[in-house]
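Look for chain A in each of the two complexes below; its partner is chain B in the first and chain C in the second.
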Partner chain A sequence: MKKRGRGIGVSFYGTGYGNGFPDVSKAKVVLHDEGKVGIYVGGTEVGQGAKTALLQIGAETLSISLEQILFISEDTSLMPDSGTAAASRQTYNTGNAVKKACENFKDRLIDIAKEELELNSTHGLKVEKGEIYLEFFPDKRISFKELVDKYGDGTIQGEGEFIAQTVEMDPETGQGAPYWPYTFNACGVELEVDTLTGQVEILDAVFAQDAGKAINPHLVEGQMDGGFAMALGYALFEDLKLDKGRIKSNKFSRYLIPTAMDMIDVKNIIVEDPESTAPYGAKGIGEPVMIPIAPAILNAIYDATGVRIKELPVTPEKLRKALDEANGGGGSD
Partner chain B sequence: MALEEVYKGENVDEVVELLDKYGKDAKIIAGGTDIVIDLRNNRIDPKVLIDISSIEELKGIKDKGEYIEIGAGVSFTQVVENPLFERNLYGLNKACHMVGSPQIRNKGTLGGNIANGSPAADSIPPLICLNSTLILKSVRGRREISIEDYYKDENEKIRPDELLVSIGFKKPKENQVLSFAKLGLRKALAISRLSIAILVELDEEGKIINIEVASGSLGKYPMRELELEQFLLGKKLEDSTVDEGVLVLQRAMEKRLAGRSTFPYKRVAVDRMFREALEEAMKYLDEVRL
Partner chain C sequence: MKFDIVGKNIIRTDAYSKVTGKALYPQDIYMDNMVYGKTLRSKLPHAYIDIDTSEAEKIEGVIKIFTYKDVPNNSHGVVFKDHEVFCEKKVRRIGDPIAFVVGETEEVCKLALDKIKVDYKELEGVFDPEIAMDENSPKVHGDSNIVYHFKIRKGDIEEGFKNSYVIAENTYKTHMVEHAFLQPEAGVSLIDEEGRVTVMVATQYPHYDREEVASALNIKEEEVRIVNTNIGGAFGGREDISLQIHLALAAYTLKRPVKVVYSREESFIAHAKRHPMIMKCKTGADKDGKLLAMEAEIIGDTGAYASWAPNVLRKAGVHITGPYYIPNVVVDSYAVYTNNPFAGAMRGFGATQVPIAHEQQMDILAEKLGMDPISIRMINIFKQGSVTATGQVLTESVPVEACIKEVVKRMDLFGEEGHNEETW
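Let's look at the complex of A and B:
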């Protein structure tokens, strides 16, 4: 017999190291030959899109095209540290550092431009499309290229540092503000349980995430899809089979992860409620996706069968057993 | 023993001569989807590998009118893409389509699936239902064994000097159909937990006048489910008959599998697979009767 059920799960997840632990990201911005701007940042690209998001934040802050930026990362001899690519922290934490470094770099350019253009003050000077100009008398202008030609490659720089604000929890009372900010997520699934084989088939899924601001909506959707696939494995497939401390599922023919055939087309919804402390409002979005999916699946299994599963993964064999036990042992349905 | 030599066979005669020379020290490699893993894990230790993947005469599917002969080197993809296996032979197509992934189906061969002898080999239950014959060659000549005996009879194995060259079977009649159902734990790259193949023919009143049921992973090797066949023969396929048939199958399984940790699950899950195979068969037969 096949039974259908629906379930939802919701979560909020604090990104960054949290709990008062020092969480520091640094970035450096350098003017190079041809008027190109080098953004130097230690943030590591592990497929999550850090390089894309941080580059976009830099381009936005500097008001220049992506092509004019040299984005240089993952080389500790060339750049300051910006912490680990972990805790869903690069967009928010390092994004803030990149934004600050770009702002400081712009201030530096404006100071130099004031001298070069023989102005009384820096007021009214704007940085845009690789030029610094006086907003109400645009004939007064100088380009990045002219500046680098005069001052030399690498001499004009700006640096930025962002230290996240979190408060250690009181070890006695557990009170405090261990994380900031939080990313909010909700997942709904519809599924079908085959009561004879114990197999669960996801029929439909929808995922909503408050990303603060989606710096790159395609990447946010990519994280939602990828996180859903991971959570699907976590909830239904991936079974280490620990036996006296030994992993019996020690090969991928036994440790099953979902294939493309097992994944479904998730309907993704991006909610944008900008976070005031974040670069352009953008929060960390990677890990939070995984959290509400297994609860949604478990709730849907309960809705379908009336059986509460309390141990993951819900393998067909385990679900069969639980259905049997709920029916007082024995019966098929 | 260390691997000393790899031969790339150009024709069957050359391969059987090599097998005559090396016997047990030689292993045949075709698609390599099983054997390469076995080599890596040191589960086998041949002195000589004989690669038969370039031998054209092993790679054909021959329609001989009443019979079909499938070369041992035919890939699962070739079976899936051949229109011979669309209508009442769809069960074999489906079984081959459920093997591994596209990459494995492109490389893996029907002959390899048989020669490797796994109890979970997907293509075997349908071939058993078809009463397939394995055609072997050696320098001594040609020999045939039934696929059913190959699995159940200790004395009916492929001998070290023999090469499996093809698998032959009689085409089912228009009013007969072969169907298949497999329980895997995910939708691709899944090793069969159990599988059921059915070949069935009904008379005009809807009574079963011919039935062959074969299972995979419900015993030490793929096998006919004779008790279920006997029970179903002559009956109409009503709900109560199917329900009772499931019980007959479960009792037969119990004799072989009782005490195994996987048995309680397989006992219930086989219900779904039997019904699924039966429903697919009935769907075809209903269309033919209209």
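Let's look at the complex of A and C:
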């Protein structure tokens, strides 16, 4: 017999190292030959899209095209330390560092342009599309290329550093401000339980994720799909089968993760409520996107069957056993 | 505010190289004069060891077998330096690295691994974190298996439960899982043209790797260079050191490029796992569904090494209330050593486990009160200006109500039971 149920999961997540530990990101911006701009930052691309999001923040701040930027984030001998690609902190923390470095770089360009254009002041000078110009008399202008030709590759630079604000919690009471900012979400799922086999099939899901401001909506949606799939595996399939410290399921023929056959077309909704301390309002979402799904599945299984599973994973064997017990040890129906 | 590039669906910069197979991963790197490395790992979860590499060293093609004797500083770790580069006296889990064979080919290295003699004197192990907390149980490190204890004490919990109309009290358990990233660990090390020990590896934090490599080799950080290749997923599983120090030590000693590629099976035992947690939760609410008190005990099994355990169990403790205002809260969150595989960072970092408890508690309370799951959440949900259990004021960007409303609207969730619209 197949039984349908629906459930919701809601969560909050504090991003960053937290608890008063210095959470520092650094970035450097350098003017290169041909007027190209190098952004040097230790923000690792693990597949989450950091390189693209940080590039977009840099291009927005510098008002130049993406093609004019060289993005260097691979070599410790070239780039400053921007902290770990973890704690959902790269967009917020390193994004802020990139934005600051770009702003400082622009200020430096404006200072130099004032001299080159023989102006009395920096007022009214604007940086846009690879040029510095006087807004109310645009004939007064000089390009990045002209500047680098005169000053030399690598000599004009700007640096930026961002340190997140958290307060260490009291060791006895836990009172403090352990994380900032927090990211929120909610997920609803509809599923079907086969009471004969104990198998769970997800039928529908609506997932609303707060992003502050989405720097790149498709990348946010990609993370939401990935988080959903990972949580699906956590809730229903994945089991290392530990036995006295030994991992018995140590390969993918035994350790089952979701495949495309298990995934559904999740209805992803990005909720925007910009955070004032964030770069263009953007908060981290890399981890939050996995959090509300498993509890929503558990609540939906209860809604479908009246059986509450308090121990993960909800494998068919476990669910079938729980259903049998709920029915007084008899058959499944 | 209007933006030119922020908010636009720019195609990711690494998309083209990845979908065409041009992206370079450490597995793809070949260098002239390159040799290979393989790691000998513990077969037992808790034992004293004695190693004899003499037979293995005689195999033709074996260049050197590294053990603890070859490492200037044999300890590393993200919070506590409780990992050994190679175990000296004791192994604490299955998979602990004991030796690193470098040879002309991978096949030679495999032969040598079989010829290294490890004399194990097995010790009683501890695999259940609740048992491990008992002071009479076997110790994994030092005098106690309790690595960390986090506390929240807010308000008057007795009073909160006394005034509660309904109370839900349950124990929830989550299990240990694997990151299952696509690309198993691999790396190539060499001495670069400026004389720096260079490790090409897929890592979440290259500057941290540089610090640990320099520390283990007892050289300056400027003498170490980490080059991040493309990374085939991470999810927290590439935060601890895996093969970086082994590789750097070998290249630094032998002055030849060295390559290591882990199999999927080795990857499973080499890196951290998600902390399994036992969560005992007691939650009370008044007749209207307003939460009055929560008491929670969380026990997290960090296995043989601490890795990020204090930070993970702290995050679990802070987040176990869920995104709800609760005036009276007591939380005790413990990280405990066992002889299980070690647990560390994994997507959500302790905050992924706790909603298994708090979100089921909410539904259980709602049912006891004859309420629907949405209404009970809306009554208690964080809003701008709400204060968390740690006393933090959520001053801005708190759109969790909006998230719930979007889900309810699109799914018509629990619509048939009818919400009390006035509550939200």
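Heads up, the rule we're going with is that the second predicted complex is superposed on the first by the 333 of 333 C-alpha atoms of A that agree within 3 Å, B and C clash if a C-alpha of one lies under 4 Å from a C-alpha of the other, contacts with A are read in each partner's own complex, and residues count from 1 in each chain.
Following the convention adopted for this analysis, contacts are C-beta pairs under 8 Å (C-beta built on N, C-alpha and C of every residue); 3 or more make two chains touch, one makes a residue touch a chain.
Just so we're clear, the structure is a prediction, and the values are computed from it rather than from any experiment.
Engineer: When the two structures are laid over each other on chain A, do chain B and chain C clash or fit?
Structural biologist: After superposition on chain A, chain B vs chain C: fit, no clash.
Engineer: Which partner chains sit in contact with A:24 here, chain B, chain C, both or neither? Use first/second/both/neither.
Structural biologist: In the superposition, A:24 contacts neither chain B nor chain C.
Engineer: Considering only touches as defined above, state whether A:315 meets chain B (first), chain C (second), both or neither.
Structural biologist: The answer is first: A:315 touches chain B but not chain C.
Engineer: In the overlay, work out which of chain B or chain C sits against more residues of chain A.
Structural biologist: Partner touching more chain A residues in the overlay: C.
Engineer: For A:70, select first, second, both or neither according to whether it touches chain B, chain C, the two together, or no partner.
Structural biologist: Touch partners of A:70: none, neither chain B nor chain C.
Engineer: Go through the superposed model and pick first if A:142 touches only chain B, second if only chain C, both, or neither.
Structural biologist: neither
Engineer: Figure out whether A:57 sits in contact with chain B (first) or chain C (second), or with both, or with neither.
Structural biologist: Second partner only, chain C.
Engineer: Once the two complexes are aligned on their shared chain, state how close chain B comes to chain C by Cα atoms, in whole Å.
Structural biologist: Checking C-alpha atoms only, chain B sits 12 Å from chain C at its nearest point.
Engineer: Can you check the complex and tell me which residues of chain B touch chain A?
Structural biologist: Those residues of chain B that touch chain A are 101, 183, 185-191, 264-265, 268-269, 271-273.
Engineer: Residue numbers of chain A touching chain B in their complex, please.
Structural biologist: My answer: residues 194, 196-199, 237, 253, 256, 258-262, 315-317, 320-321, 324, 332.
Engineer: Could you please specify the touching residues of chain A with respect to chain C in the complex?
Structural biologist: Chain A reaches chain C through residues 6-14, 17-19, 42, 44-47, 49, 51-52, 55-57, 59-60, 63, 66, 71, 73-77, 81, 83-87, 169, 171-179, 181-182, 184-188, 190, 204, 206-210, 212-219, 227, 230-231, 233-234, 238-240, 242, 244-247, 250-252, 255, 257, 267, 269, 271-276, 278, 280-283, 286-288, 290-292, 294-296, 298-299, 302, 308, 310-313.
Engineer: In the complex of these two chains, what residues of chain C are touching chain A?
Structural biologist: Spelled out, the residues of chain C in touch with chain A are 1, 3-10, 12-14, 45-46, 93-94, 125, 127, 150-154, 170-178, 180, 196, 203-208, 210, 224-236, 238-239, 264-265, 268-269, 273-274, 311, 314-315, 317-319, 322-323, 331, 338-341, 345, 347-349, 351-352, 355-356, 358-360, 363-364, 373-374, 377, 381-382, 389-392, 394, 396-400, 402-404, 406-408, 410-411, 413-414.
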